[in-house]
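Following: one structure in structure tokens, then a few remarks.
Letters A, B, C and D mark the chains as written, and numbering starts fresh at 1 in each.
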Amino acid sequence: MSALLAMRGIGKAFLGVQVLSAVNLTVSRGEVHALVGENGAGKSTLMKILAGVHTADAGTVELDGRAVAFTHPAAAQKAGVASVFQEFNLLPELTVAENVHLGHEPRRRGGIDRKAMNEATAAALADLGVDDLAPTAKVGTLSVAHQQITEIAKALSQGADLICMDEPTAALADAEVALLYRLVVRLRERGVAVLYVSHRLREIFDLCDRITILKDGRLVDSVATADITPDELVTRMVGRRIEAQFPPRLPGTETGDVRLRIEGGGNDYVDGIDLEVRAGEIVGLAGLQGSGRTEIAEAVFGITPFTRGTVAVDGRPVRLSRPRKAIAAGIALVTEDRKAQGLALHQSVKANARMVLDANARVHSRQRLGRIEGLLSSLDLVARGDDQEVQFLSGGNQQKVVVAKWLAAEPGVIVLDEPTRGIDVGAKHKLYSVIRSLAAEGLAVLLIASELIEVIGLADRIAVLHDGRIAGELPGGSTEQEVMAYATGRRSGPSDAEGSEPE
Amino acid sequence: MTAQTPRPRLGTTALIYLALAGVLVLGAAAVAMDGGNLFATANLVDMLTRTSLTGFLAIGMTLVILCRSLDLSVGYTAALSSLVAATTMDGQAANVPLAVALVLLVSGLIGSANGAIIAFLKVNPFIATLGTGLILKGYLDTQYKGPAGDVPSVFQQFGYTRIGFVPVSALVMLAVAAAAVWYLRSTRTGHHMYAVGGDVEVARMSGIRTTRVLLTAHVLCGMCAGIAGLLLAARFGTGSAEAYTNLYELDAIAAVVLGGTLLLGGKGGVAGTVAGVAILAVLDTVFNVMQIDPFAKDVLRGAVIITAVALYARRQLDRTARRPRFAATQGRQS
Amino acid sequence: MTRARRLGAALLGGGTGTVFLLLVLIFAGILALNPGFFEGPSLMAFLKQAAPLVILAAGQYFVIVSGNFDLSVGALVGAQVVIAARLIDGEESRTVPVMLVMLAFGIGVGLVNGLITTVLKVQSFITTLGMLLVLYGAIRLWTGGAPTGSLSEAFRTPGRLGITDVPLVGQIPWALLIMLALGAGAILLMRTRFGRILMASGDNELAAKLSGARVDAARTAAFVLSGVSATVAGILIGGFAGVSAQVGEGLEFTVITAVVLGGVALGGGRGTALAAMAGALAIEALFTLFNQMALPATLRPAVQGAIIIAAVAYAARRRTRPALQTTASPS
Amino acid sequence: MQTTRLAFAAAAALGLLLATGCTTDAPADDAATDESAPAADSGEWFVQAEYDEQLAQRDIEPEGDPNTPWLQAIEPEWVDTSAFTREGGDATVCFSNASVSNPWRVTGWITMQEQVKVLQEAGEIGEFRTSDAGDDDDQQISDIQAFVDSGECDALIISPSTTATLTPAVETACASGIPVIVFDRGVNTDCATTFIHPIGGYAYGADAAEFLVENLEPGSKVLALRILPGVDVLEHRWAAAQQIFGDSELEVLGNEFTGGDAAEIKNIVTQYLQRGDVDGIWMDAGDGAVAAIEAFEDAGKPYPVMAGEDELSFMRKWEETGMTAIAPVYSNFQWRTPVLAATMILNGEQVPAEWVLPQEPITEADRDEYLERNAEMPSLHYAKFGGEDLPGFPDAWRDR
């Protein structure tokens, strides 16, 4: 295979901090090439240099043997390099077609040719095997998966030879991941090269032909997927071996009384939710994107409250009509989107960590304020001190700050919505053990994750959602097939919670 | 109607024209009770005339606001333009084309200066244009001690001629508005203004030269102010530095927002703005016909603006409230 | 130690440092032209005259940092002075009651601004622009176009007089003391939970809400604080110079400029109260400098505009640099 | 590319205009450019001829009863108005006002309304229609057009907001055939039936400046406080003062724009006092004069020799401090004249083509008399408002 892309000796520093040094990367036509490494390893920076967002300080980039140096994303796209970045690059106010063609709208007689634009989009989608997405639909009304597809269609519409995908599945449920797989395969068939940045080992081994490993801004190795095992890969990424991916249940964790009980909970998005979480218990919420996982979390936390049914915390019935009330009742919610919903990015670590205490007189206290510092260090937060603005922290550390701000309030029930989305392996592992120790301290933990493996690996019980209802309940450690059976609605039945009392 | 998904936006614009109709009906009723007729030729002419000046300014303002920018210097630009026009014409009909060209050039340059300061120096639009406004003020006060120049009567026609009861100035304003609507909907740069206002990073990532778009918007805004200056010159028969004391920029912004364009950018359009301008004009005429105390006028204007915008806000609320998913996008913009 | 570092950050970090630099430059300029300016009495006079703007800046700071504008302060200051003159009408005995009425009015206006902005979701730019028109018109309707009545001596004391016969400085103006008190108050308030929530609301409304913060309440409170500061400023300005039809005109733009000059980002979430007030001081100092330079009056706006743009651009440059880091360590 | 489009739009518009000769409200060519005012070209404000004329007019005994100064006239050229004679009284008189944005205009506006009431009682005037342009020239042009188009005005009174810019509109009004009465600020056309104004800005500025020259030692320092640049009536005052100061031994420290804002005035004066002595204050209008005086008090400096205006707050301060001062007058009673003129014209009586009203400063000699007369008036009232004999007095002016 001829080398489509050849990056040699790439170096980049921000304000004296060397982010990349002497990195080489070669991608051939029709190759799906994984770029892996912990956060801060420099993956995204390398990708952004390729995309023309940043310019390299050192090294050369060759495309089809021609030396190139992109100074603007437009230049990169003209040269056939398209990028699908982690945070969506779509405008909710515009239609799918308008988003797909944004920046290179087809023109007729000096004006934009909307007809051609819509037709082209429809064709492109069909070509990707997507038939349930209208070019004229407003992106603001689409599901996350459909937005992802729009993103990819956008990348393709620019006639790209090389498509960079940064964590493309971060926001997708497994079923949707399958769709993405199909897309990637089609691209490969077409001879399009894909540079695939991901933290999800399974995808890497399912999809990718080669793997390039970065660590601390340096090239570790570039190997054929066939020649390496997942464990080896992890080791070389993080430099230390992570034995089991999920830490075991801590000794002395006792399942106590019911701390959170939902009976017949329902609103516009979910219905007939019966769920109870006991002290020291980790209950997983599984289900496809849009099956109502997040909606349950938001209902419990009073963002879009239940309009039917009852909720009781520690046996006391509560009306959770606003987050304030939920917090007062001792509930905490680590939200799905930490940047938009979790953090005030321009404020210090300290300010963010104490936000919940500051905001709620009911939970505010000197002692709790005093404990924050210890809390942060117990989470292994890496920061230039607690006055550093959180916008400068890595995703993993940002997530730790979010967790800290909730633990500061010493909740009895904690809901974690996608706690490990888009954070590096090290931080993930840390969070897993934190979740375990929370259970050990007698908190009731409700865990939502699209990565089934997480739910299965951590939860004592798993409630599987389908179409806004609990399709069934399974014991921890069930197989993915069992879960998917409920999630896809192939199986459904009375929740057999009794059978799944944690042993 | 101004580009994007036809259905919802048409809804917004329709609402605004509905509001306009409402204001007209109420106004007419009020005037009628007062024993007058709002639709008497004199009043119609008055209304339409009043739309022209704010109209030109508001059209330009719409473009910059769509880009999530602002221009507080248009009043000064218009004043300067009126002087440039009048002094260049200097009573000679022959000089008119030159003067018009010169005005468009000067006002365009001012606009580009604004754009450059905002796009390249990263100065907040509010402060940047407030600053350029002050600079222009200083120049005007120092350079022109009051009215100067002389506009030949042939160009004064621009300010005074009417076809039927429709003043030519209003026709030109509508022509420019139409041009702007077409521009926003059918040219790339125009279309990209929605993207830049919606989310500048996304626009950039999509390969849009955002600074160029922003710059263009400001240049056009400046030129619209220039045309407004030409109109002032035509009506005054001379150029007047004092024109800037009337805070035209605030009228323009009010009109744009009344027209349903989001002050945060990315949503709205010129069609709405024209309606917004019309609403303000109708109010003025009604107040005049009804002999409302000048100070009561201010009170009513203020109240009307707030209420109207409150109504739109409510609608936008309903639409966005549906999808919590989009908290993410909002988060990035705010 | 972090506190020290935080202080350093507050003084020099982001755009905030610029204003102190500017202040130093301007004062240096004044010193060069007229050393006498820094003798006690004249310095006191300067501070007395600067006090109202500084107080307004403190009030405006709360609104801006929470992510809003308040364009109505100028009109409110004017309204307050006129109200005072008409209600007091020269009667010493009415001074205090009227001041209370003014305070109530100021709070009321702030409350209306706040509620319209938060409950009705009207852009604060529009809300307060409308309020500006309403106040301007209403007050003149009420007094038939020009202020009537007159102020009492007692009313004028805070703005005009001070502690006399102080060695070196001669007179310590009450205005200065009030300014210091309120300024300190503002800084302390930002250290309280309210202050932190206000800041968080301006930075990321959603995150603050989900943390249980009463964002709307906090923002409304900010408008109320702005209304109160406008009231105090009104009392000081009225006291300083008496009634005139034009009091307060255009103040809103001056004060917003001052706050932004202090490195406080429009849109909220960034900047310190101290720097905002320093911005106000810088503006006043700038006017003094112009006067000392005998710069032609007509030219001054131009120079002022240029300096503002330059300063803010410089600050923006300093702020955008670290922002690059975010892209360096993505999440 | 949009550039060209816009340019095209404008050009097209012009073409259209040239083509369509149809209904235009604009005046014919000749009218537009006759005796174009000083303002119109150079932008320089001093015109020797006008200056000399005004200074001379101060010493001319006006015709008419001194007890009704608003009916007096200096060297009137009476013009015949029989063409406008209208039977049956109850005329509809329209008034396009520039604004009531300062106390002087507010006071005058009240006076005018009271005068109108009297004439309405007398059946002379039926409806009195007004519009207020809020100092916006363009707005006032629209207002005037609206009145003309309505065709219901028997006479049109105009108080232009800016001299030059209103000219075309006024010519339009004249062309419509109704009597047009212009007062206060003029326009660059003599088409109006009568133009009513006090002697003028030069005289005002001169009265003030001469007083300072007489009452100050040579070499004394004078500070000039001005409201804003670019307004002709104000610029003339300053232009005259510059002449007189120029020929005198006085040193002018500077001239500052205050916007008439008391706080601003006090700041500026305080700063000047901080840098050195100020012996005299010249103001182009009395607004905020008291603040200037207070600046001297607060700085512990002796009172300056001062030229303010016949605004009561200043005159009261003047009396109470016993300082050396003069109150130049820009006769506020001129607001009575236009409505009276309107009725005269509609009755076919002769009126002066240019109706120059007397304009005498108030000196220490007659100060107390005027304070006496206006004892009940609010502080931002003007002593020579000349409404004492109107039935509405004093309530209309006192409790507005």
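In this text, a residue touches a chain if its C-beta (ideal position, glycine included) is under 8 Å from a C-beta of that chain, and two chains touch if they have at least 3 such contacts.
Computed from a prediction, not measured in an experiment: that's the story for all the values here.
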Determine, using the mean of C-alpha atoms as each chain's centre, which chain is farthest from chain A.
D
Looking across all chain pairs, point out the one with the most C-beta pairs in contact.
B-D
Averaged over CA atoms, how far is the centre of chain A from the centre of chain C? Could you give it in whole Å?
44
How big is the gap, in whole Å, between where the Cα atoms of chain B centre and where those of chain D centre?
33
Would you mind pulling out the distance in Å between where the CA atoms of chain A average out and where those of chain D do?
72
Multi-chain contact sites of chain B, meaning residues that touch two or more partners
141, 297, 327, 330-331
Scan chain D for residues touching two or more other chains and write them down.
100, 229
What are the residues of chain A that contact at least two other chains?
53, 303, 339-341
Interchain contacts, given as pairs of chains that touch
A-B, A-C, B-C, B-D, C-D
Contact footprint of chain C on chain D as seen in their complex
100-103, 105-107, 109-110, 229, 254-257, 259-263, 265-268, 270-272, 274-275, 287-288, 290-291, 294, 298-299, 313, 378-380, 400
Tell me, which parts of chain A touch chain B in their complex?
51, 53, 72-74, 77-78, 83, 85, 87-95, 98, 102-105, 107, 110-112, 136, 138, 140-141, 143-144, 154, 158, 294, 298, 303-304, 337, 339-341
Going by the contact rule set out above, which residues of chain B touch chain C in the complex?
117, 121-124, 126-128, 130-139, 141-142, 250, 253-254, 257, 263-264, 293, 295-303, 305-306, 309-310, 313-314, 316-317, 327, 330-331, 334
Can you tell me which positions in chain C touch chain D when the two form their complex?
34, 36-37, 41-42, 45, 49, 52, 143-150, 160, 237, 240-247, 249-250, 287-288, 291-292, 294, 297-298
Quick check: in the complex, which residue numbers of chain B touch chain D?
40-43, 45-46, 49-50, 53, 91, 96-97, 100-101, 104, 108, 141, 143-150, 152-164, 168, 171-172, 175-176, 179, 183, 216, 219-220, 223-224, 227, 230, 232, 235-238, 240-243, 245-246, 284-285, 288, 291, 294, 297
